[in-house]
Amino acid sequence: MTEAQGPAWDMLVSHVNNLRTALSKDGTEVEVVFFGPGLNMLLKKNSEYEERLKQLADSGVTLSACQNAMRFMKVTTDDLFPFASQVDSGVAEIVRKQKTGWAYIH
Amino acid sequence: MTEAQGPAWDMLVSHVNNLRTALSKDGTEVEVVFFGPGLNMLLKKNSEYEERLKQLADSGVTLSACQNAMRFMKVTTDDLFPFASQVDSGVAEIVRKQKTGWAYIH
Amino acid sequence: MTEAQGPAWDMLVSHVNNLRTALSKDGTEVEVVFFGPGLNMLLKKNSEYEERLKQLADSGVTLSACQNAMRFMKVTTDDLFPFASQVDSGVAEIVRKQKTGWAYIH
């Protein structure tokens, strides 16, 4: 997720749910990396999507906040939804996961 | 393809043609997955791009409509160009193809 | 890079720097492919980002101009920053690199 707001947020929730429905039998893991302006979606103050994100997290989807974006936006762990994870670098996380065989979708 | 309209549609046709020109000797297969708002491009009513898409299909490019997007947009097979294929889930199709060694470009 | 201008250019520089900081110990190579309207960022006339791009190039990042985009925009090698590389097709370059194990980020 790289978008600060807008229809991309709705799309994200739909796409992850569709992905899980289609691939759940394969035990496919899903991680969403929020970096750049996309970190916005994990901030407590943007509560509109909280319930939908919490449902994803509860169902096993990893929601990762980029710590570079956190520093850039002066955001601390307390500002994030409690169900968010953190990674040192969103872009590096995406590279590392692909290196270990994960697929990538923008 | 995730865009509902606009210059991304022109770019798509150029990019696929450039890709095929550069990689045709390798027998590289190309599939374009139309999901989310991007499904719009495969609807008969958007006839402006029909000829260019038909040329891609005729040359062996698979043009796949996401059935999740079809349900969401209340679109049936009859609403799609006759040369369109269908996949159960656009995002799952992209994951599955990468798992079997395909490259991905957004 | 596919964007003709705007905040995506700032994001690019940040993301590449963050990627290198996080992965430099692994000897990870980074290439940025400028294609479609994104070729704009490598033109000498867009000097605002020249210094930042030069720093990336000097640190070992490959900045590749798509020759298809060059023809389309009627741009020659003389119009590009001297530290830019060139590839025959930006999309084909991205496919080829993934085929040899590189990760991809949009």
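The chains carry the letters A, B and C, assigned in the order they are written, with residues numbered from 1 in each.
In this text, a contact is a pair of C-beta atoms (placed from the backbone, for glycine too) under 8 Å apart; a residue touches a chain by one contact, two chains touch by 3 or more.
A quick note: this is a predicted structure, and the numbers were derived from the prediction, not measured.
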Taking shared numbers over all numbers used, above half giving same and below half different, the chain A and chain C interface sides are different
Per the C-alpha fit, the turn needed to bring chain A onto chain B (nearest 5 degrees) is 120
Cα centroid separation, chain A vs chain C, in Å, comes to 26
For chain A, residue numbers touching 2 or more other chains are 104, 106
Chain C contacts chain A in the complex at 7, 11, 14-15, 18-19, 21-23, 28, 101, 103-106
In the complex, chain C touches chain B at residues 2, 35-37, 68, 72, 88-92, 94-96, 98-99, 104, 106
